[in-house]
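Labels A, B and C are assigned to the chains in the order they are written; within every chain, residues are numbered from 1.
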Amino acid sequence: MTSGLAVHGLSKNFGGLQVARNLTLSLPNGARTALIGPNGAGKTTFANLLTGVLKPTSGTILLNGKSVGKMSESERVRAGIAKTFQITNLFRDLTVRENIRLPILERERRTNKVFCHSDGIPELECEIFQLLEDLALTPLADKPVRGLAYGQQRLVELALTLALKPKVLILDEPAAGVPSTESHLIVQAIKRLPADLSVLIIEHDMQLVFEVANRIIVLVNGAILLDGTPQEVISNREVRELYLGADHG
Amino acid sequence: MTNATDQVSIRRKMGRLAPVLPALIVSVAAAIAFILFPYDLAFLTRIVIMMIFVLSFDLILGYAGIATLGHAAMYGCGAYAAGLVSLHLASDPLIGLLAGAVAGALIAWISGCVLLRAQGVALLMISIAVTMVLQETASQARWLTGGADGLAGITVSPLLGMFEFDFVGQVAFVYSVCILIAVLIFCCILASSPFGLALRGIEGSASRMRAIGTPVYRRKVTVYVIAGAIAGIAGALAAQVTGLVGIEVFNFSLSADVMVMLIVGGAGRLYGALVGTLVFMVVHHIAAGIDPFNWLFVIGFMLLIIVFALPKGLISLPDRLVALLRRKP
Amino acid sequence: MSIIFSIVVDGVAYGMILFMISVGLSITMGLMRIINLAHGGFALLGGAAVHVLSVRLGVPFWIASFTAVIIVIVLALVLERLLYRHIYGFGELGQVLATIGIVFLMIATVNLFLGSTILSLGAPQSLTAAVDLGFKTLPLHRVIVILAGFIIMASLWLLMEKTRFGIYLRAAVDNKVAAASLGINTPRVFLAAFAIGAGLAAFGGILGAELLPIEAYYPLRYMVLFLIVVSVGGLGSIPGSFAASLGLGILDTAGRYLLPGTGTIFFFLAITALLALRPQGLMGKAQ
């Protein structure tokens, strides 16, 4: 039995289009893995297969040795697999603080409670405060999310998922749309994460990838082209031609 | 960190007080109405009952964002349950209310398990179909429901054994207002609870709620059952106060009216439900008193104006005016 | 044997009426993603116009009907430009409320001028005469309704499959944004589809007046029925609407003949079950 997430023979077809081809890999606890590849390579689809948004055509996904294949999306989150959305998906009418409060309450299994106040637990409120500080969102805390700039919304997106304290954290292009002056907040947030956490980061910004990842997987046309250390990936000619040399789509 | 704890505790103190205010406002308004319109108590009682009904719809539409056109199903079941209980089992009004709540919750649970899996048009249609099934059943099961003639002669014993229901309707009015206040306080508590926040999250983005681990379907069923119980209470009250239940309680137009009242007032805000009901019922009373079809002109134009000019309902009018005034000078 | 024959004939005729009235609703709901509760209003207005022309002004029935359909089409063009165009952009709820508002205004207008009683359309006596089919006799009205239904289905099929407009319409139903980016003038397509749908509703309302009598509350009374046809058939699917109309027409009629009383209950239970299992309807696109 391996600890962490293990994927075996995972495939996904959309009609005739094969978007994941027999993917086998493991994301052990403590790993900092980056998933890169051109647009349309199937990175988001792979993330959605892990979180249960999509059902695979075939293959198995094990978390700490146990299959999560039959679990619904929310059960997988409760088991510890969480992801951010590539296209920001937030509660637009709620304030930033309320947005962050929701995943925290959910993590504490409290969203079925009627006879108490949603901000009634000081420890949880302090946790929100800390997350807001970490991502420099404190001045915006009581503004509705719909009024925020897109880059700020990206940070809230990250905050929601961090608030879940997952065991496996999947970040789908967290820095896309974040001004370069603020992308260090994302790097710092990732560096602050508990060491035993498994992080899978999908990202086009190679500088950010090199800063946080100690392993890089290159996905092309739904198949793994290369899986190795950052040095191996940079020095690989095929990758340079296919991806790094070309326009970052 | 102390700063955080301070902020948190101030927030909490304000939050605790929140449910008291609306209850106070409703009591004062009801007292004034009671004194000013002593001969219209029957009509005022109808408004109060409708407010309870619309509040229950606000929980599912305004908070959880579930649009149905079949909310009369729960109201009707509550009305029949209360009527039958008082005719055959016990005449105590509170037992009747309890029966109404249970019936409303039960039908909400059974139908909710089916219809909350659907969305959009399919959801609207299933909710309509469920109400139609109930209406036809009520009209066919003559032995139980009296068929198209309905249940008549429903009487209830004195409230709490002390207050006899009088002809003018004073007890009925006070009784209904008390229930409204209780429901309103409950809704305020719910709105500020973790569950209430989760409902607003579902309204905002169900896919995001799933991604943070919420069993969205289960939460929807829960709120549907709660709203069903409250709608059942409203139906039970109506049965007790008028002494009648007919198959019209399942009319499509009742479900549509409830939606209209809520949107006119402003969905997702409890005051909106109250204001919308009041305005709708009063305008209806006046316009329909002149000519029933006149009323359709009035409500038709009112709806178009609301949808085009005030999409967040009458309750947002003050905000909108303030915003307009600020922009002018 | 004879009862089955009656059920089939009445059910098919009833289904054809439902089809003519609902198909436009299905197209607009599939195309513009709008929940238009006012669609039955076009059938009412068509019927009311025929009543005024033929009963009050003495215009022959068929000329009156033709004129009424034209009037409704023109009215629909105006309404689309003035109101519906803006309603497309609203959420589901805004659409429901705005179009309910429009229904109320239509009902109130008809009542203001014509009252709230059933309006006779002054159809010629010959329509109720029986036609001998050799083995059976049928009222001419049923024969005409059924023939008209098939003709309309066939013309819609030709329109959709064989004309440029049909290609545009299908493309727009399939993917509005992609269609617009291909240079299709989608607002124009919407306008035309809306007007055709309204015209068909008027035609169906006039032909079907014997089964669904014209009176001020018509659009509300039958609204649920039309919406059921559309959602069971699948939004935007013409064959779906056709199949659903015939199926529901026959089912409803059979229920009335064979299970007076409980028939309606089974009718609505069947619809609930179908929509619960297939929310996209018989032939709708899966979401």
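Here, a contact is a pair of C-beta atoms (placed from the backbone, for glycine too) under 8 Å apart; a residue touches a chain by one contact, two chains touch by 3 or more.
Here the structure is a predicted model, which is why all the values come from computation and not from measurement.
Participant: Farthest chain from subunit B, going by mean C-alpha coordinates, please.
Facilitator: A
Participant: By CA centroids, point me to the most central chain in this structure.
Facilitator: Centre-most chain by C-alpha means: B.
Participant: Could you put a whole-Å number on the gap between the CA centroids of subunit A and subunit B?
Facilitator: 41
Participant: Indicate the whole-number Å distance between the mean C-alpha point of subunit B and the mean C-alpha point of subunit C.
Facilitator: About 33 Å separates the centre of subunit B from that of subunit C.
Participant: I'd like to verify one number: the distance from the centre of subunit A to the centre of subunit C, where each centre is the average of its C-alpha atoms, in whole angstrom.
Facilitator: The computed centroid separation for subunit A versus subunit C comes out at 49 Å.
Participant: For the complex, give me every residue of subunit B touching subunit A.
Facilitator: So the residues of subunit B touching subunit A come out as 1, 4-5, 7-9, 11-12, 15-16, 189-190, 192-198, 200-201, 203-205, 207-216, 219, 222.
Participant: Name, in rising order, each residue of subunit A that touches subunit B in their complex.
Facilitator: 51, 53, 72-75, 77-78, 82-83, 85, 89-94, 98, 101-103, 105-107, 110-120, 122, 125-126, 129-130, 160-161, 164
Participant: Help me check something: in the complex, which residues belonging to subunit B touch subunit C?
Facilitator: Touch residues, subunit B against subunit C: 61, 67, 69, 114-115, 117-126, 128-130, 132-133, 136-137, 140, 252-253, 256, 259-260, 263, 267, 293-294, 296-297, 299-304, 306-308, 311.
Participant: Which stretch or stretches of subunit C touch subunit B in the complex?
Facilitator: Result: residues 29, 35, 83, 86-87, 90, 92-94, 96-98, 100-105, 107-108, 111-112, 116, 216, 220, 223-224, 227-228, 230-231, 235, 261-262, 264-265, 268-269, 271-272, 275-276, 279-281, 287 of subunit C touch subunit B.
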